[in-house]
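Everything on this sheet refers to the single structure shown next.
Chains here go by letter, A, B, C and D, matching the order in which they are written, and residues are numbered from 1 within each.
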């Protein structure tokens, strides 16, 4: 559509604007096949935990592995900057809201220690977990340390990662080189466009993280104007995945990352084309999470342009209950796997690939509901 | 419309987004013909009460019958699990909000008793009411008991019911068989798509309940991502009804169920194509309702994925006043029949079939109004 | 657009969704020509005061006439039911909110007295005002009394008035007959569609009131589902006016009635095609208004289906200041005439007919602004 | 689109409805070229401070010049009406909200003194700043004084400025004459349409201010109905700039003015086609701002139709920190230049001209987010 002059823009859709139509035939949720394959690794459930210091530590990585998913440990976060990150987290949790961003900025100025990277990998492996650490494009120098210590997979992640970076200083990095040298799968993100996903796949990524500017704890869109609503981002990147597979024969799964908070969000992300989801807030709200009921984004510590602040989410249930239920609330934040399987069953999908084909509606229901509630109050008060 | 990649989605409309245009000729509301026929049964008013335990008990079924409508008793709810459900309801009403869902889950684990099914049917019949009990697809085994005890109609209802259910365990059920064996009309739902409604009609339903994920007490869309805004759902299912009638000669009425709270909602549901409406919250808010001013959804008791919680609605008027007025408030929640007749008259419709043809507008008025109020406050406070 | 099945609906626009583009050439606001002609009557300003008992009494009619506009007195309201309506209004103002609608219903059950109709007309005339009384279609029997007493114009008004009313009781009324027999101009409304406006013009109306379900004090859309957003309603009825003029040679002005609260609303109503505006709340908020800072709709007193309740608006300024300024607030509720003239000047329009041609944009600005504010608070609180 | 009858309207987009897609290649933010040229003047950063008395005084003009931008001093504001404007500002800041507009109206009735115009210009020049004063079209008589005193640039600004003004009193002014006579660049605004921008360029403007009715402190749209959402306004005026350059060979930069509050807004304004931005509230919230944490619009003092009132913004950071960071909050209101450079880098733009070509999405994200939050609260409270 034309927004003015000769300037075109495309309408993009957030998951909140979408809904799924039930199928004509329902299938038994118990038959739902939901495993996620990333390179040679197979996970029982298509759920990853975000590399946020409030969500994932060594213990979470071990527990998540036991429960069938994949938790990513921040390779440049508190766990690899401090011997005893628990104390640091206590400081962050205790800080008044108005000064928490400067405190986080300060605490993340402590250098990353290669020794700690290796130690965290070993701790996870010793606990029987899947060791997956994330690094920024500028921190790829740490990949070798993590791999040598036994990491099972590597994540290269920034707010918006591209396969090429042009600089007059000649400090280009090359994702292809990283992928080809790394003996374990490299998951790369975040991207949110067809071209962005395609070039990351062509660089050799084992999986692609999709999501720029869609999440509640991420203010990329406000600070930089950047962002693509998640429904459109997933569908675009899924098209890139399919085209890339047709060309190369290699299937690179798409992981929806950002802004997913309910079972409905998970179902809709898959329906838009995702092969799996990465979640932060729901993981951070578990009893096992290191953030003690709080989390903050990876860009909160940015020295010049912090994005996302400390969010209080409480500690509401065990990870097992959050993933597998039973839910004791109706707000959609527990029993994600049960919800995914029931959603698939209701839509008539047995596999995730079938779920990627179910009918989607543009259905601004929450909005209308909210308005209505507002109007009810308005009328109720006689104003 | 394309939401991304090759993924198409269709825009769906909620009733809140719609408004009706007055007709060029008005007709006398007193002339409005609004009877609803379901199989051999005829009801004076096209209003059904939802099979929610906070809304319908034996007394409500009798009163509703006397007033011309049809109240459905939950055949797998508190009335058929407990001898004295009043005590159980007292517990639910007294429970603090944060623990009410686990309590409801626990209380609904008490088994359904066939003896109580039969007794409730008899009590309704003895009171002169229309006995209509609802069962889930998994509870169809109880249908025979209810029919034998004298039930006038049966409802088979779940959040999203399909005519077929595929399972590796071979536990398929067959709605056709149920309908063909049952000597009284079988009302089936809920569905929300053309194909879904058509297959239910083809299975032999006497009426179809339309509505998945549109209601305030139902969080299906949030928990599972499932749902179709009610305006579109009704219009789609009405098209299936018309096509089915053209093919089979049998007219299967469409009952809009979910999210209807005002006279305007009723008028708009009919205008979209419904033959009748089913309501929960308005019935639960009557003096006669068993929930003492509270209600909860049929899926609130779900062991793994509860949807909908206890909603406080108060007890504001008698059922007669809610249905027939006079209204003593301007919020549209009283005198539904008066509103329907006046709405029909203003639109120039004498029959419900004519009302199904009046002009509809997409008119996001509440939204704008709400915003405006917000802006007024903003300006008024000088912020 | 298709909302589902074969059901079509048309998108309609409220004034809040519209904005006007400035012209390339500006004209001097002092040159703006804004007179309104209704039959043989000419008013200096295109502003009418609604026939609401909180807004218009004899004094208001006189003051409004002196200031160049037209205030309509409710011919079936408190002024013609009670000798001393001030006392009745005091009761309404003092009543607690929860019981005010039943009180209003009760107070309006007092019969209308023909003697009082004649007396009010005479009082207005003696004060030098323009005497215009409104009656409902069922109250047309009072027209003769008002005319005989010297009324200058008559308004026939209901929530939704049509030229024909079909009833099995044969109680049809005929607007044509009323218009042809009445020696003074008959203003008829409300309507909101092309066909509705056209048939009212063909019946002989001297002016047409446009607006069903668009106003804050009117809950027609909620109670009955009826309503057309005002921008579309005005544009449709203006098209009927133009077509009717082309056919008959007679120009019947369109008066936008309902939901107009700011100078921007007035400018936009004219730009959509209106020849004048009718306002309730802004008039009710003047020092001169009988409602002492409160108003209620004409349908609030409906015995069966009250619509609109008592709204508190305060008494903020004199009528003169509300119409002609100076404004002492920036919320657009004062100096309507100054705003209209400046708006016309900025759009390059010298006459109302030119203003009806300026560029309109669909511009959901208040909405976005509101949201943004909400988001600001969200971020500001660090939640 | 047709809004009704034969009335067409065009959908216009606000910046809040837009988002930018990251590029496939990222570039080093340090390489971003962001200088703004206005006639013979070059500014290191494309940021202008609005001529609001709460934002810009002599000291701010000097500081802004030192930091690379351009602050405009209101040539008809408190600085040129009063010897010691600090005292007057103290009065405004201390006034209760309900009476602040009448106070501002009164204080601005004090005449403008030519002596003070010249003195403010000299003070800025003596401090090493860039002296740029703004006048209304009716105040162009003061331009000569300012130029004679050494002004580097002149701004001619009103809510909606056109190149021609028609009046029966013959008081036409001619922007062409002003531009041709003035020896320093004349920046003219505000406009918001293709034709409006084009005629201002043809009149000889050195730069064009774009924005009518888009800002939070400006209630032009509410009071007059006038306004074009900023995304569309910028894109339309940018098209006029390009067409004008193609015809005349002269490049006239477009400055987006109004409603810009975050780094994201700045990035999106440039992406829509702007060459620079003018900001009020962010400047008024600096330690150096004369308003002591408050600001008010240029039209707040309007005698008949005040628009915009006193807004409290606090004094949160130094101008240097607001422009260049580091940000200590994640709400996007600090480090505008860092945000612009990082946004450009993420979009793959090295120059502002490249940034004007990046992919734009229509992405109503804040809205959905807000709604969702609302719904969360709704569910959380169990209502």
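Odds and ends about this structure:
Here is the rule we go by: a residue touches a chain if its C-beta (ideal position, glycine included) is under 8 Å from a C-beta of that chain, and two chains touch if they have at least 3 such contacts.
Because the structure is predicted, anything quoted here is derived from the model rather than measured.
Annotation, chain C versus chain D: rotation angle of 90 degrees from the Cα superposition, expressed as a multiple of 5.
In this structure chain A contacts its sequence twin chain D using mostly different residue numbers, the overlap staying below half. Inter-chain centre distance (chain B to chain C, centres taken as mean C-alpha positions): 38 Å. Chain B and chain D have Cα centroids separated by 54 Å.
Residue numbers of chain D whose C-beta contacts span two or more other chains: 11-12, 219, 222, 232, 309, 330-331, 366-367, 369, 373, 375, 379.
Those residues of chain D that touch chain C in the shared complex are 1, 3-12, 14, 16-17, 101-102, 105, 159-160, 162-169, 171, 191-193, 195-196, 199, 212-214, 216, 219, 221-229, 232, 300, 303-309, 330-331, 366-367, 369-370, 373.
Interface residues of chain D, counted against chain A in their complex, comprise 11-13, 18-28, 30-31, 194, 231-240, 242, 262-268, 271-273, 325-332, 335, 338-339, 342-343, 346-348, 350, 359-369, 371-376, 378-380.
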